[in-house]
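First chain A sits with chain B, and in the next complex the same chain sits with chain C.
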Partner chain A sequence: MGDNNGLKQTMGNVVGSQKFIAVLALVAIYIFFAISSESFRSTDTLVSIFDASYYIGFLAIGVTFVIITGGIDLSIGTVMMCSAIIGGVLFQMGMPMWLTLIMIIAIGGTFGLLNGLLVARFKLPPFIATLGTMMIARGLGSIISNVQSVTFPLRGAEEGFYKSIFRLDNNFPIGIFVLILFAVLAAIVLNKTKVGRYIFSIGSNREATRLSGVDVNKWETIAYVISGLFAGIAGIAYAATYTTILPGEGAGFELDAIAGVVIGGTSLSGGIGSIFGTVIGVFIMSVLKVGLPYIDLQPHYQLFITGIVLIIAVYLDVRRRNKL
Partner chain B sequence: MKKGIMKKFLILAALAGLIGLLAACGDDSSEGASGEESGSGDMTVEIVAKGFQHDFWRAVRQGAEEAAEEHGVEMNFVGPQDESAIAEQVEMLNNAVNKNPDAIALAALDTSALIGPIEQSMDRDIPIIGFDSGVPDAPEGAIDANASTDNYAAGELAAENMYPAIEDKVAEADGDVRIGVVAQEVNSFSITERTVGFIDKMAELVEGELGEGTVAVIGHEKLENGVAEGDAKLVIETRVPAELTDSAGQTEAQTLLNKDDLIGIYGSNEFAAKAIINADSAISGGKIGPDKVIAVGFDSGAMQLDAVRSERFYGAVTQDPVSIGYNALDLAVKAANGEEVSDVDTGAVWYDAENVDSEEITDLVYE
Partner chain C sequence: MDNNTILEMKDIDKSFGVVKALEKVKFELAQGEVHALMGENGAGKSTLVKVLTGIHEKDSGRIIYDGNEVEFKKPKESQDAGISVVHQELNMMNHLTVAQNIFIGRESLKAKFFTDDHEINEKTIELFKMFNMDVNPKEKVGNLTVGKQQMVEIIKAVSMDAKIVIFDEPTASLTEKEIDELFKIIENMKNKGIAIVYISHRMDEIFKITDRITIMRDGEYVGKVDTKETTKDELINMMVGRVVYEDPKQEPEVDENAEVVLSVKNLRSKDVEDVSFDLRKGEILGFSGLMGAGRTEVARLIFGADPKDSGEIYINGKKASIMKPQDAVNYGIGYLSEDRKQFGIITGMNVSDNVVQPSLNKYIKNMIIDDKRIEEVSEKYIADLKIKTDSTRQLLRNLSGGNQQKVVIAKWLEHNSDILIFDEPTRGIDVGAKSEIYSLMNELVKEGKSIIMISSELTEILRMSDRIIVMCEGRKVKELSIEEATQEKILHYATARKEGDIVG
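Right, the complex of A and B next:
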């Protein structure tokens, strides 16, 4: 018993230290850019960083749940765009905006449910199942939009209120509080409820969880549904930030989100992870993305450097597990 | 254990930082000479294009660099990975505005997505010059002037030049004959204008000869003219790939080339022309060429130039990307100096096997 406690404590410390390192890295990167470029220090730049973080942030928070179960959700990027584009089509057909926003989240949730059933009920490997739904979502968006882009109403236009969820008319980036609110909610679900407890438990030891009488299929499905719902919310964030949704897009965003999750210290083998780390991981990527052009580096350098950061993060993850 | 990890991490972070710095230095020496540091530094112009690595954008950049050198200004040229990366371009324009340059030149992928930073630059009195396809439907007063091709006229130019080569086949056909059009997309204003300019002009020329209602325009909903395929002497069929990949484009081109009644095919940009060439290469014997299907392209690029040289392509229309870049920067500098500026038509030219390697064309096309 004493040993067990000691183990738990060590585990807590290591997870804590990874979070700590991630925060330090975020601050260090920010200060580096702030020193290198005067114009980076403006509030407008900070708003740009927030803007670039919203949709990836929601995707990453959602997929954290799936990754903690030991699974993966590759469909979130295209599900996000598919939900947004179908929402846009519905809106153009006359659906009121508030209902459109609910529909966007519902479409995301439906894809999540599909993923959950395929993985938990039909025992498809998560990688393959979500690869399939990734393609389905991409195709469905193109089919429903007739391969045309969909433009949401502009700020100030009729029904343009949804834009103020993420940025007020006076440019105040209220979206950061929305993101934090959802992050806190997700963290409560993950750490303080039965849902979270079982999700961690499935990720640590699936068989033991099943044998202790937990309906593993159900809770695993719920993890995918949460991921899908967050992909829907990300779709709203994307529409509010970028207004125009192109058909057939979204592939690749899931990898950005998963990279953010991993940089934030969630283990791809399941059982370990935190929402806080995920949010920090996403911001590390956004600061790199927005900051590098200020030191006159083209976007491909961002990929290069994010790759290095990712590898360092995974290296730490591997070391941590070997130590345990 | 905690300390050990920390130490290792710090070493790794320092390494990553070093790599970043090296990359920054490397960038200065390789690209600085070609523009960024070419001027006195008194004035900076941020150029946000619709692409970066593509030949076309390299030629635009080259033109802009020429103008930057002449005016002695600093310029920074950026563009997203591909023409569907709307979010990436929004972030680039945000950055450009945040840097507070003296002027911005912008080729918008999607104006409504860019409204935020555009309005911000209006608030800060940073003049914006549109180039290439410009900034369609921009807010009143946002764009000082445009340096762009009249794409509709350029599309018409393609039809006018194709018509003499297919005129007889249309008039003498027993049933109907078909002209295929491969369009990269129907969202971008410039590509749609070229596509529609071609279709309208071709329909006008054929109907002028054979009478009203003899041309059916089919394919994408946006372009249909309501004449049924069965009633027409000439069918103009447009196909739009489902996604922006070479293979998707090739599939659409191949579908058109496999139709027996096809007499002509038109690709309304380099992507589409390339799709036609690739699709034709996959058909044994090939369908396009003199006395076969008459193929007409748009823009240039190594593959298309070869096809024109070898007469597989009857010819193509080219914009003048160097002139677009040059005029964009020129207008931006003038606007930053407070001069009156007005739109510049950067022109379009027909080229074929005869003049493809002449001096007047080689200046306009790119490999």
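Right, the complex of A and C next:
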């Protein structure tokens, strides 16, 4: 009886939540494209959708932590590129691939630590602090690569194994499982560990959390470090998917990632959010990006339509919250 | 009576989802009267006000204002019609000046475009003069004390040519002196024919200034009485259906030779001047004084919430280094803030998460939080402290003030804090829950905890404390034993200005 009620309540929460609306939207959009275009219904298309989701997905998972603290991380896009470029340069200088991959993640984490210290310790507004590191990362990538593009090894070449992290030699998109694995790990950290609990708490009420004896500076910094580490992982995904990295790129990806997070129901004012929602949000954007050309709309329509989706998502969220 | 009735609300119903907030509520207000609206928290007073002023739409019922049936859709409409509200929570723009705050939305304009601060400054001075008060209209509101900010809010309401002014717990953050000022203002308004709705929990105030009282309970109308013909006990009975006594403590209940658990020596900061005192095991040490006397500041210094300039803190005889709240918590100090919503609880999180906030480490196994055990422990506190909530998963924002306070108490008990600082423990808490908090505090000291209680209510100080420290302007002015303490004595020392002679 009690369980039944509990279940009903949970169902009620799920149905009422933006996460659920986001899942519905994702399915609806997918079905719409599938009906409109026969060629959309191919595995190749599905693989393209996955490919487009990896790096934005990692960025979005990472930045979800920061957004739940009530902050923002604008640097993730260029940090991702900067880590990948530096990694590429190191590789060309003779560093083994496995170490290169670790370095890419470490560089991302270092930028995250910098952001965290600036925000938590030196009390810079997150928007400004990460805007600064966004520019620094972009500049640093160009400086270190000497404004040259770097190319990672091709599939089948020596040390080309990293490509198989996201797509097997028989073209199987294993990357989707890697993304899901990291999403599950992130969700466990967010919901089942101290880091996550305090990140939610800080986002809900930083001062009350501090007055409970919680080292808020430390946990807030960790949120930015997580965001940076995921930017590094995204850098690997980007390199694996696109092989060649151009210097000075990456700006704008953070906004795609943040849009995905918000579409997935995480509140920009902090305290509310989920990794599951973020992943769904990212897929909504990827499906739009890949699907629109199939109905004869050029890719630049994606921006236009994503903007509309974003506004509708946030509007629904605001309306739901005001009802409470 | 009928002729000068300015407002009549009949059979007002209002539901939020399945929750009935108001059911067949009636309320009547005459010109030039002060009409109290009483009831425990959650009785529906605020909802009724919100229905009247157009914040909430009523489900059914009629509102007749100034002879016509009205239905305000927005607060602006009711305001324009002459109904002003002085809110319990201040709605001030801290970075704007006093005058800019008062005339927000009604600025004087030069050439219909440029704001004219000179004119509103003059008008502000005049308004304050009407009530014999001085103010610098150019002062930023954020720099004023809470009490002064409240005055600004009141003056703003008055300045709108209101026919009805609703005061929602206006004295919660005022000093005795400011309360007297407020009562003069209310008297003044009354004489001008303004009708006043006065929402308060404080009996002494209700009896001092109101003419009639409407009592609500659980969203329903209970009754209406003439203030002159009722008694405190009758009112409380109508509100809660039980009698609560507020008798002062006669003698300290703690041994004079009990060990000192906390010793504060020469504490100084920008708001605190050289404060020293001892707290004994099992003692309730009351901190009395006017608003801004530095009591909360002392508490925050001890707790490490603000940086201190100098001074030493000894816990159980050993010098303690407290640089941040985390340190204080590790030393077993718990702080229950005067402003629960901002500093005490996480309203967006559930009961269990709030309860285990400082002691989360106990519930982690292999890095994973053991939510099941956390819920079991929370269940125990819900039962022990009689916290009214439907489950451990309920968000704190959905609990009443008294129950939120109990969650904060549970939080520090769970962390085994031995020294508890209660800063205004019953502010905004209804009568019934108040006495529950009191008996809880008494149980805690019996178990060997020690309590510092900051309170602006003298009755509370006299009822609970074993010993009383009176502060004024950041200094400790006097220490009184409970036997010698009286309301008059405390007030005498609380108003002892620096230059004045302090009779020891």
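Keep in mind that, in the parts below, the second predicted complex is superposed on the first by the 309 of 324 C-alpha atoms of A that agree within 3 Å, B and C clash if a C-alpha of one lies under 4 Å from a C-alpha of the other, contacts with A are read in each partner's own complex, and residues count from 1 in each chain.
In the analysis below, contacts are C-beta pairs under 8 Å (C-beta built on N, C-alpha and C of every residue); 3 or more make two chains touch, one makes a residue touch a chain.
Keep in mind the model is a prediction, meaning the values are calculated, not measured.
When both complexes are overlaid on chain A, chain B and chain C end up sitting side by side without clashing.
By the touch criterion defined above, A:I295 lies against chain B but remains apart from chain C after alignment on the C-alpha atoms of chain A.
Comparing chain C and chain B on the residues of chain A they touch gives the larger count to B.
Judged by the touch definition given at the top, the superposed model places A:S269 against neither chain B nor chain C. In the superposition on chain A, A:R197 contacts chain C only, with no contact to chain B.
In the superposed pair of complexes, A:T209 makes contact with chain C only, with no contact to chain B. Taking every C-alpha atom of chain B against every C-alpha atom of chain C, the smallest gap after superposition is 8 Å.
Every residue of chain A that touches chain C in the complex is listed here, in rising order: 188, 192-194, 197-198, 200-201, 204-205, 207-215, 271-272. Contact residues of chain C toward chain A in the complex are 303, 305, 324-326, 328-330, 335, 337, 342-349, 353, 357-358, 360-361, 364, 367-369, 371, 411, 415. Remark: chain A residues 10, 13-14, 17, 21, 25, 28, 32, 39-40, 42, 44-45, 48, 51-52, 142, 146-149, 151-152, 154-155, 167, 238, 241-244, 246-249, 289-290, 293-299, 301, 304-305, 308-309, 312, 315-316, 319-320, 323 touch chain B in the complex. Here chain B touches chain A in the complex through residues 1-2, 5-6, 8-9, 12-13, 16-17, 19-20, 23-24, 27-28, 36, 52, 76, 78, 80-81, 84, 86-88, 90-92, 94-95, 97-100, 110, 112-113, 115-116, 120, 186-187, 221-222, 240, 242-244, going by the rule given at the top.
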